Amino acid sequence: MSMFIIPVRSPGLAHISYIFGHGGKAGVVDPRRDCQIYQDIARAHGAVITHIFETHRNEDICSGGAALARRTGAVCCHGRQLPFAFGQAVQEGDRFRFGSLEAKVLETPGHTFESISVALYDHSAGAAGASTAVAVFTGDCLFIGDVGRTDFFPGQERETATNIYESIHNKLLPLGDQTIVYPAHGAGSVCGASLSEREFSTIGHERRCNTVLQLPDKEAFIQFKMAEIHHKPQYFSKMEEYNLLGSAPDLPTLPQPAPVSAKTFMDKKSAGMQVVDIRSPEAFGGAHVPGSYCFPLDMLSAYCGYFLTFDKEIGLVIDELAQADEAVAQLYRMGYDNVTCFLSGGLPAWETAGFTYESLPSVHVDELVRRIDANEDFTLLDVRAEGEWANGLLPGATPIYLGDLERKLTTLPTDRPVTCFCGSGRRAVIAASLLLRAHIGPVENCLGSMAACMALGCRLENA
Amino acid sequence: MSMFIIPVRSPGLAHISYIFGHGGKAGVVDPRRDCQIYQDIARAHGAVITHIFETHRNEDICSGGAALARRTGAVCCHGRQLPFAFGQAVQEGDRFRFGSLEAKVLETPGHTFESISVALYDHSAGAAGASTAVAVFTGDCLFIGDVGRTDFFPGQERETATNIYESIHNKLLPLGDQTIVYPAHGAGSVCGASLSEREFSTIGHERRCNTVLQLPDKEAFIQFKMAEIHHKPQYFSKMEEYNLLGSAPDLPTLPQPAPVSAKTFMDKKSAGMQVVDIRSPEAFGGAHVPGSYCFPLDMLSAYCGYFLTFDKEIGLVIDELAQADEAVAQLYRMGYDNVTCFLSGGLPAWETAGFTYESLPSVHVDELVRRIDANEDFTLLDVRAEGEWANGLLPGATPIYLGDLERKLTTLPTDRPVTCFCGSGRRAVIAASLLLRAHIGPVENCLGSMAACMALGCRLENA
Amino acid sequence: MSMFIIPVRSPGLAHISYIFGHGGKAGVVDPRRDCQIYQDIARAHGAVITHIFETHRNEDICSGGAALARRTGAVCCHGRQLPFAFGQAVQEGDRFRFGSLEAKVLETPGHTFESISVALYDHSAGAAGASTAVAVFTGDCLFIGDVGRTDFFPGQERETATNIYESIHNKLLPLGDQTIVYPAHGAGSVCGASLSEREFSTIGHERRCNTVLQLPDKEAFIQFKMAEIHHKPQYFSKMEEYNLLGSAPDLPTLPQPAPVSAKTFMDKKSAGMQVVDIRSPEAFGGAHVPGSYCFPLDMLSAYCGYFLTFDKEIGLVIDELAQADEAVAQLYRMGYDNVTCFLSGGLPAWETAGFTYESLPSVHVDELVRRIDANEDFTLLDVRAEGEWANGLLPGATPIYLGDLERKLTTLPTDRPVTCFCGSGRRAVIAASLLLRAHIGPVENCLGSMAACMALGCRLENA
Amino acid sequence: MSMFIIPVRSPGLAHISYIFGHGGKAGVVDPRRDCQIYQDIARAHGAVITHIFETHRNEDICSGGAALARRTGAVCCHGRQLPFAFGQAVQEGDRFRFGSLEAKVLETPGHTFESISVALYDHSAGAAGASTAVAVFTGDCLFIGDVGRTDFFPGQERETATNIYESIHNKLLPLGDQTIVYPAHGAGSVCGASLSEREFSTIGHERRCNTVLQLPDKEAFIQFKMAEIHHKPQYFSKMEEYNLLGSAPDLPTLPQPAPVSAKTFMDKKSAGMQVVDIRSPEAFGGAHVPGSYCFPLDMLSAYCGYFLTFDKEIGLVIDELAQADEAVAQLYRMGYDNVTCFLSGGLPAWETAGFTYESLPSVHVDELVRRIDANEDFTLLDVRAEGEWANGLLPGATPIYLGDLERKLTTLPTDRPVTCFCGSGRRAVIAASLLLRAHIGPVENCLGSMAACMALGCRLENA
């Protein structure tokens, strides 16, 4: 059986876990909660999983480390700077063999204090192979094109920024340019600021091309990190608890929400169910269940954690069953086990049952520009993140980051229409659904948003 | 290897073909155009296809009989009352063996003059088995819950209705109650009027429960058939030609439309490309490419044949790639080989490129009723079929069958808004897209339509 | 959503379960133990499972009724003549609705005393539909081409034979010829004697063609049934217990045996592990692990239950992983949860590790005939069933049914070679593996066996 | 859409092709003949294939470059040192853009004179990214753990060895340690001598760990390469022709051999059909069709090209259909379009039809050692390659490389039994089938072979 390193991606969170192995043994790095997949891959390679490495206590994703260890008997290894309630603490230099492959622990604090990286060596390549790292799992320390965020410990920002600088320069770069980099996140993750959409790189390529590593010196790096603005959705605290204690329920299969009739769906909604519409912004615009959250499926993981609670059931509005399965998987990976049902037959079932539905009008940027130029009275609510404002705002825009919107709703003027705006319209529609839920409005969504402004050359102002 | 009868369904057209076999030989009944699937099934059963039976020259679906015969060397058998340009004519009583199974030809004219049915006998069940039909492929002669339409030969309606009556009573019913019925269409087909949504039945069950067979006598049956109203989309004539000559191009795989940018899509549209939006009515309502046809995917086969031409390319607007594949398959089965591209990135790519998009407002039946009661000025365009009007119309509705709408557009008043209406809103949205293309309007779509009226108990009038 | 009846087959046991439904509700008939599949099918049809029907307490297969009821909240319905520890007793005439479909219970004792059948009616076909059965689930009462065995209650054979006769004639045939028959077993099952390899039939076709139903009168039927010889593998008693109590462990997924090295496999074997080789007879003949049972995969379910115990672990020898999965599924359905591992790398791993392997020579029937004609000294062990002997034996053959072989081993002469023989060589190889385990021999296997004799026209004798 | 580099592997030949892309455009490197897969991957990534790079005229695999270019309209790029009959010549420094990725041509002769490599740069990583290679497709120039063979041009061995040295040192290593290496072959390929079973590496890791690159100087490298012994199966010449001219037939789908009865299979065999048994060595040992070639499926591509001809049809003996599909794919990639059928029902169908079958006895190394020690008369035919003999032979072994065996058959003594021997028994069984076909024997196969000798510590001699 040949050597293998196989990434297992969790879209939405842009999380990447890995399984690697040789000679009948396999190791898993940062397993996700629905962890059967690692056992399947291991079996297909004739291997048993003997070790699990958690590069750090994840905040954004519910780890499957504890569950996978229970299921397989593998040892779950953590950094020693945090008292995990399960598994085993490892430290700098600990080594583990998987056939000809050897995994070696590097302590690389910064993103968190207990963060580790795991370097791989191939002993089948002789003495040189034994001392030349062929790959390294960098967790949330070093990403492709970025480094991990260091804002999780208020008051210790300088210390964590210093740590990650030293971890990279004293531990990772010394592995050598030839080392392939396997980070825990790809483009779109909230665990970094501007990850590359390329998923293959090496220490040498990052050393030369990663923009954060090009800052002139250590102090500049620290200042840069301390100036970054990151957000922390409320569900993070649940992840931190689950991942420290290994206490997330381990369901044998993903939850399977039941198909329910429009009538039942309506009754559950009246009883407090959170209605989550994962269809496209256009479909939500055309018609939706009043009071529902709109999270287009590809936006779900990134934003639902700011708004959804763990204690009330969740009912989905979907176009087709496969979307429900994908949504349930994403939510399960964020600790939400409370998706109990979906509207059987989709929105047409709701419509044909005679229930009231709501629309959300769209507005083109040409019309926005016209209104701005005409000085019309309306709120242009730009829900992009702070880092995006820097590239310009439409004149008169009110910038409120989407994650902050729910608690800032009261700051919006109530005497005029609100047009939601973002990079493309996919986050704006989430914002619009929040406004509709709060009965603020009339509300519109600018499909196209800033991307259309750029394409059309609209005039922008500085933030 | 055991005996097998496996239905192969073509959704949209509600067409059902079959492959059956035993002892290393297989027969295919009414193969669809993308015919690799029959070879795959045959191989999986260790069989080679030796005979193909076309129960009649199909009008609504492009047959794969000629192609499958060429690919496999099998004989393609037709009824002898039509001079097919390929294959072999068979007649009453012709028999073909497939291991222990024997297929016997019955001439069952009515739907068309050359229509045949094929009865199956199992010789492994001894002498009784040799004389007791176990199943019969009834083509478009006898459906579950209905019989085939007999309106294809203008001026000969009495003759065809008489024929189908006699075929059923003199050929099919005599096979015996025990005979399982495998028709060429299921619920939703345009080849009958009111097929059951049950797909399993027997001669005996149809004899007792099929409503058309309960008519008091032959003359009542004939009158009933002659009074039926059916429609004939323009693409039928292409099917008739292809299926008579066996001349439909036989592509090795389904056409694979290329992903193209919003800019290219726009340019092609300007150059005459037919834009077909197969997303949901809600999504089309939210935003769509101006000038596009809206055919929700499950409506595509039933209605696109009235409107789309074979000579201009077709570009799709989709939510995800699998929809394009399904649409391409459906269109290929209707003879459309001209799907050349789809809008890469979907409608968001169009929006973010800054191109203009259009919306289609929805209106709830409560609002319709209010307007009707208030005597407001608007056209309530009901595009359901004649048979549905009988169950009632909303007061003041203008009934025009969807298939006729394009050529009756000029009959609509142009000085008032038009609200499209059907059974649920899925056909109404097609009508709305036609109106938008013709710049008639303003246009609305009543999501929910008659189903919502029924659920809410709205007052109806007779047609 | 349309009506559906979907068979779910368990190869090996030739067991057929069914899920049917309409209008968002589904019923399951005779679910197998690995029952996730029914939930998957139900969801794909937008339905929830509300009722489970167990036509009888199965003996040959571990039912999933109790597990599926626990998982779904559905009611598990049984005949009232046996005190099941779970679910609900039903009786003649009980009716259950699934949309337009109605299931009606028929008490049809014979195979067992509590056996029921379930007839289906389609109310969408009007009043006639409400009184005309469209299908019937016949359990082990009526098969296609056969009827259920009636030998399970020693001393009550006449009563059970009488019962099944009356159930068929008074309950099933009166449903009418038009009723489609869905039995619980297909060809190859040990629950009947000579089931047809056809899986589609009707009451009418069975009435006319089922050979058992052609016997001249009731008494002839009873005599026929009482004269039948059936066998009862030892694992049946475990099934009876599990199925009465609903006590079979409900694993979330099928057991996943671990890949183990040749060394570990050897050690486990030495410690008592049952080695089960599921490769082909030819591969077993070429080389195998000494002391292993040979059960070619398609023979596994039919014969392993005579020999394998529940209390010692089972290790598999396979060619590829998919075979292990299939074997594990088959064994799980027979109550064997003790498949813990498979030989990683297959037999080549054993060979290259230097361990001793064994061969099993093959002998062609030409050579057998030569030996018989030459009056050579050898035991020709024919392990077919009694019913097959009737068609003739090779001269001098010693007939011992395979299921009885282990306890009759001591009756074999030990001073001469033994050639195992059956219908084709696939059961003979099982017998050969038993002889090799018992160190009786030398042993040969006649690949081709009686089938080759028939093809070559060998002279046979009467049993 | 994110960047992607996706390997497409052809097992057996251990060939690796690649498709990469970004921004709606994709490039393919060294496509295999069954090339639909690249179009499927491109579509799934919303990309169209614009360029194909053939790193060299392949000898061991039939390229799909010409076919894929015809199907997609992409340009097929070759090195300019060979006059390809299609596509376009490229030269050092030519650059092609795929979104942010840029592919740059490097001329890297050695394996062949026109060999090129293709380096990738990511412009989204800024100016540094534009000048820092992130990956390089090395074709058959640089492998992981080895370099390409340089023996294809008799009389020019020094020149080609010098070329490849210079290509590696002057072109590839200067790309920098950080460059990920994507070669055209993995472990098991006949295009190198000792490729690593690791498939991920970088220029830096190879620079330090690739044993061939550790040779002390250029002259040592050249001497090493010139001393290597490689073999050239006869089918290579067909590949060279096909790949130079782009003339390999482009079938729309893989050939689909028909299931045929034992009788038909026998007749075809008598008429000259090449019977290829792809079952396991153990199954072939147990029973096989007389006169068949044995190529265990995982050995098929590596060895059948020495023996099978293109002009006579090929019939397969398989255990299950999926094996036939895999075999047909492998053979198609080697230019064999002549697989017309397989024995339906497998060897059991042959056996039960009464046809004669043959066995191949196995012998354990313990027995071999006993015979050697006892000085018994037998030929121990060791068919491993020259490079393997160096590690030792069993005393008295006759080494003949398997690829040479057919033409050296006459050198074998005919008065004694022959035991075939190799590394594990999987090549020995091929040799045994050749001997059986030639009626040399009696023949045995040593399952376990040298691996078992090593495990058991048998005494070896030097070659």
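Order of writing sets the chain letters: A, B, C and D. Residues in each chain are counted from 1.
Keep this in mind: contacts are C-beta pairs under 8 Å (C-beta built on N, C-alpha and C of every residue); 3 or more make two chains touch, one makes a residue touch a chain.
Computed from a predicted model, the values in this text were never measured in an experiment.
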Between A-D and B-D, which chain pair is linked by the larger number of C-beta contacts?
A-D
Per mean C-alpha coordinates, the chain lying farthest from subunit D is B
Per the C-alpha means, the centres of subunit A and subunit B lie apart by a whole-Å value of 44
Subunit A and subunit D: spacing of chain centres that average the CA atoms, whole Å
42
How far is the middle of subunit B from the middle of subunit D, if each middle is the mean of its Cα atoms, in Å?
49
Shared interface positions of subunit B, touching two or more other chains:
none
Give every residue of subunit C touching subunit A within the complex, in rising order.
1, 24, 36, 39, 43-44, 46-48, 252-253, 256, 258-259, 261, 321, 344-345
Sites on subunit C touched by subunit D in the complex:
279-288, 319, 346-348, 351-354, 356-357, 359-362, 364-366, 424-426, 447-449, 451-453, 455-456
Applying the document's contact rule, which stretches of subunit C touch subunit B when the two form their complex?
2-5, 122, 124-126, 128-129, 132, 134-135, 145, 176-180, 186-187, 196-205, 207-211, 214
